[in-house]
Amino acid sequence: MNLQYSGEEIIAADKAAVWKAITDPEWVGRCIPEVVDVTVRDPTHFDAVAKVGVGPVRGNFKFRFELVPGASGDRMDMKISGGGFGSAVDLTAGADVSDAGGGQTKLSWSGQAVARGPVAAVGGRVLDAQAQKLISQTFANVRERLSRR
Amino acid sequence: MIPAAFEYIRAGSADDAFAQLQRLGADARVLAGGQSLIPAMRFRLARPAVLIDINAIKELSNIGIDNGRLTLGAVARDCAIERAPWIGERRWSLLHDASRVVADPVVRQMGTIVGSLCHNDPAGDWTTVALATRAEVVVRGKAGSRTVPIDEFLVDSFTTAVAEGEMATAVRFPVPGDRTAGSYQKVERKVGDFATAAAAVQVTLAEDGTIRDAGIALSAAGPCAVRVSEAEALLKGQKPTAEVIRGAAAAASKKSAPQADLRGSVAYKKNLAGVLVSRGLRQALARLGVQS
Amino acid sequence: MSIEATPKGSMGVAMKRKEDPRFLQGKGNYVDDLSFPGMLHMAIVRSPYPHAEIVNIDGSAALKVPGVKAVITGKDLEAAGLGWLPTFHGYDKQMVLAIGKVLFQYQEVAAVFAESRAAAADGAEAVEVEYKPLPVVADPFVAKQDEVLLRPDREAKTNHIYHWEVGDKDKTAQALGAAEKVIKQRIWFPRCHPAPLEPCGCVAQFDTMGRLTFHVTSQAPHVYRTAITIVTGIPEDKIRVISPDIGGGFGNKVPVYPGYVCAIVGALKLGRPVKWIESRTENLTSTGFARDYHMDVEIGARADGTVTALRVSTTADHGAFDAAADPTKYPAGMFGVVTGSYTFPVAHAEVDAYFTNKAPGGIAYRCSFRVTEASYAIERGMDILADELGMDPVELRRKNFVRKDQFPYASALGFTYDSGDYHRTLDVALEKIGYQALLKQQAEKRAKGELMGIGFSTFTEVVGAGPSKHFDILGIKMFDSAEIRIHPTGSGIVRAGTKSQGQGHETTWAQIVAEELGLDPQNIMVEEGDTDTAPYGLGTYASRSTPVAGAAIAMAARRIRERARKIAAHLMEVGEGDVEWKDYKFQVKGVPAKSVTMKEVAFAAYTNPGQNEPGLEATQYYDPPNMTFPHGAYVAVVDVDRETGEVKVRRFLAVDDCGTVINPLIVEGQIHGGLTEGFAIAFMQEIQYDKDGNNLNTNFTDYLVPTSLESPKWETANTVTPSPHHPIGAKGVGESPNVGSPAAFVNAVIDALSPFGVRHIDMPITRDKVWRAIRDSDPAKG
Amino acid sequence: MRVSIKVNGVAHERDVEPRTLLVYFLREHCGLTGTHVGCDTSSCGCCVVVLDGDTAVKSCTMFAAQADGREVSTVEGLAQGGALHPLQQAFWDNHGLQCGFCTPGMLMTSYALLKHKPNPSETEVREELAGNLCRCTGYNNIVKAVRQAAETLQAAPVQK
């Protein structure tokens, strides 16, 4: 199954600060909802263990993240792969980073999730809710944490 | 297929179960009928660290009518409704209809009404019935028990007003007047399937034969069961004519926002929403001796 | 209404099944019921990706799971020369565990061995596999383009597996060109799955002498033994294959699956018995599927309805490996029976098969090698032709039937139909269903805007593979065998190369022997499925048990009768020539008073054989001279709800002709079961893949098996046209109802929708499809 | 954990993992292999057993721990003193089984059904058996068998 999401966040911080934050794997890892543990493997790769809890699907799940920063500094792409129980969940999320004026920065993000195996066959609808939460909450948390400063 | 390992606790009382939940928080899941949870665990989609089994708690298996409310405890089974002595009364026809098409006859021996409300599957049956009957769910939390109207209880797909560490202990259905009847119309691919589409309908007639009150809800028509308030408003105070029914059906079809899946296309499911509401209304009215 | 036979001795008797008491008391002996000291459990790690490179497999975490003993991968097997296994009809080979890349979702990637079911499952979950996804081809028409090559391991660098054709291409083209009427329709028989209630499984164990005992859910134990030798090199005498009780097969338990090889390897490597029982998900996603034939059907006819030519061009989707279990020379099985019950002067059929990133298979789901596809194509085609000619489909069929006096009939595609009486079978059906009354009622309902449909299927099947000059699997000729021993006190044992999966062989085989020898069927024991004791046979599928093994049993019994005749002559002190077999005993010709029973002869065979060879045993291998051709006339009556698209099957009548009926109770049971599977295929069953190659029907919540509530109440009747070449005239029946019924259901639905000008709907006919067909139809109509 | 379950009148006390499904407790801990497993989704009914005398449940969708201290009846307990239970006899008489894999579940569901509805109509039987799948018989003969058993039982009730 193939699911698509998109959204927008206005952050009360300037573009440079935002860019600095979202290129830091440790920092991005901490923006994942219900994150339990983040292990940075290199400047663009990290593993995160997050608590998942939608309906019957509950427990800690491991996700592998790859950050793909655009050279021009106004596009960040993210590849996320998770799985377990013979299933694979591949998420991709990308955000255009642009100056929104008044020291604010706009993140226009979009993402999609592709699920394969029993998780898609049996938990499809549950997964939809979870993938949406994972992607949208991550960007919402980016705003939260930067705006708080 | 074998579930991941977990710890099992059999709760002796509602207090005991609640205390355990408070102690264990997110690691624990309440096991009632288990007819959705256990298959999910066999596929390892669900892997709770601890199961708190509430099946042995007598006080939670009660089914009783007191001060205008039918109360079903958290482990009251689907089959108990089907076999209740009063279920033949036409005022209960909506519950009766539904109790015969939930899951399959064997699953209904274990499955519970409250459990199915808490699971809140978008294509569930009891959630839809609860909306049409304006039921309320008793939720036990830190601050004691509170009563949550079903419209607030159903938050999103597989998500309810029951917060972490809380548990639903009962569902309450208002006892309808004797000029009330209902109907549950479900299209399923085969017995045991979730609804392709389903409509729960309940109408109460006034002395003058006009519709005093109507409850209309749809299954598999959104993230979770959907109340068609537009149709309810349209019916209220009206004589039950074919035209009024057509209007209600159209409203239902319009309100339905289903997902396309193996059960059918969006267009087909929206069509069904209308057809089933119209059939449900006609059957409910027929049960009240009104031909429409 | 029911199946009728004329009982005579033990033949045609509605005898209660001898095997039932053990099943009724929970004492059946299915493979998962077996347990041996020190037995390990195996679980398989499967790919979530339909097409991907395997970057790395890490079993270290799995080996840390308590109870896990070992993890094996494709690399390990390849190193041991066990990387690949041959598919039955020899056109391809299949990976045991993925080597280098995976080619379909849920493909076997690694096997985990552990002390318990749970530990094995935990271990399988802990195996970490890194994949690099590759472009997916989930459609045979895309595969045709050869843009993505799925099987670089093969010599031919193409996704095309084979081209097969039969008939006269040019003459058929000419005839179609000259025809006054030509209909053309693309008809798809969807991918479905036999889904027996008992999944596949096995227990492998080696004794201290290194001999393998392999309990397995197999419809063909002897072929398994030979296949295991071919794959592993273990000599055949060191292998004992035992098929215990089998919880349904329907073709799903004919192929040899990767899990079996892994279990054997594990048992050898770890020196302990290994059990593997697949889950329902594994059964539906990785073991033999059926059909997936896209058929372009063209029929030419004269204006009066006389058919003049048939052309069928098929694109077959075989999945990642060509694991179709067809006879070697018949990659498209018996598809040549596509001319059906009709006298086509010329015809041409061709099949082109392709690889896709889907599960391998193409097995015969309750069907004699692609006969279901063929029968469905022609029976749909005839209805479409009738519709375009404005003819009653019954009249069109009657007009073109092979006539009784034309048998044996040589079909345009090379079969010689043994016998039949199509007109009579159809007449019985019309009379019993009350066709005229139904037509009248339909007209009345249509006037009221109600949708009622009547659908026919007058099919001819070809079963009993088969004559050794044509048929073999892995080179082994498709004969079958029987061995009978009569004990001194007149009871006996019969062993055959077949294996019942619910067909009731323990009863019917005993009835055949009892009939031939005048003994009590209750005292004839039947044993099958143990390669150490049963004579070599090709097994039970393709409705071949009765046509082939049944014949062998009757002939073995007759051999015993001939030996018994000598002893009878000795007992009655007359010349052998003066002894005749009459009224189930030996009599002196013309002196009925002077006779001996088989019981008496049996005793003498061990106590007083005279100059004759002692004992009373015989073995018979039977190579059938021809196939048998059961036929039937089926009628479905349906009502369609135009608002919901729901189809209600109001009545269904099956009139079958399977030749001589051995046990009417069992024949009727077979028909009921086959009809229910046909019903499921017509209305609910499909293994669907999305464009990304994800299997969407992986368990019983989405791969639907009808319950007692959806299933119609079946009506049955029969005619009897014995097979001239079969020793007891029997033809086989197990598959007819599944072969013949889908077209009847679909024809009935299309007839109901004819007011809307609906011409065809592909199976499964869901409510959604029916509703959309009505919605999208010509508004002027209906 | 320790569980004690009375199966067909005999107490079976065993140490099991909490995740042990009742069906595997019966099959692998009690050696009662008449109860079968045909799916993973509570769909097929091959695993149906009777709980506390009159409740048919799918033993693959229940943990052994849940049955601790309760009574379970399986197909092995139907026949009494070598005599088939009227349901078993009726399935035999009417050819209500072929491969036999669904049969134990069918029998146990029917057993519970007749406790609640001693004289079910054909439609009621079809409704009540709809949680049990059969691939072989097409159900006609199973429905016949259950109704024959109902008649027999009403004429001469079996003590148990």
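Letters A, B, C and D mark the chains in the order given here, with residues in each chain numbered from 1 onward.
In this section, contacts are C-beta pairs under 8 Å (C-beta built on N, C-alpha and C of every residue); 3 or more make two chains touch, one makes a residue touch a chain.
Treat the numbers as computed from the prediction; the structure is a model and nothing was measured.
Engineer: Identify the chains in contact with chain A as well as chain B, in label order.
Structural biologist: A chain counts here if it touches both chain A and chain B, which gives C.
Engineer: Using the touch rule stated at the top, which two chains are linked by the largest number of C-beta contacts?
Structural biologist: Result: the chain pair C-D has the most contacts.
Engineer: Centroid of chain C to centroid of chain D, CA atoms only: how many Å?
Structural biologist: 30
Engineer: Taking each chain's centre as the mean position of its Cα atoms, how many Å separate chain B from chain C?
Structural biologist: Averaging C-alpha atoms per chain gives centres 44 Å apart.
Engineer: Measuring centre to centre with CA averages, how many angstrom lie between chain A and chain D?
Structural biologist: 50
Engineer: Which chain C residues sit where two or more other chains touch them?
Structural biologist: 117-118, 125, 279, 281, 696, 699, 701-702, 705, 707, 709
Engineer: Can you pull out the residues of chain D that are in contact with at least two other chains?
Structural biologist: 17, 19, 40-41, 43, 127, 129-132
Engineer: By residue number and range, which residues of chain B touch two or more other chains?
Structural biologist: Where chain B meets two or more other chains at a single residue, that happens at 1-2, 4-5, 39, 41, 43-44, 104, 191-192.
Engineer: Please give all chain pairs that are in touch with each other.
Structural biologist: A-B, A-C, B-C, B-D, C-D
Engineer: Using the touch rule from the top, collect the residues of chain B that touch chain A in their complex.
Structural biologist: 4, 26, 29, 36-37, 39-41, 43-48, 119-122, 156-159, 223, 259, 261
Engineer: Hey, which residues of chain D end up touching chain B in the complex?
Structural biologist: Per the stated touch rule, the residues are 1, 17-19, 21, 40-43, 45, 48, 51, 55-58, 60-63, 65-66, 68, 109, 112, 116, 127-132.
Engineer: In the complex, go through chain D and note every residue touching chain C.
Structural biologist: Its residues touching chain C are 17, 19, 24, 27-28, 32-41, 43-44, 46, 74-76, 78-79, 84, 88, 91-93, 95, 97-104, 107, 125-127, 129-143.
Engineer: Quick one: in the complex, what on chain A touches chain C?
Structural biologist: 1-2, 83-88, 114, 116-118, 120-122
Engineer: For the complex, give me every residue of chain B touching chain C.
Structural biologist: 1-2, 4-5, 44, 104, 187, 189-193, 196, 262-265, 267-268, 271-272, 275
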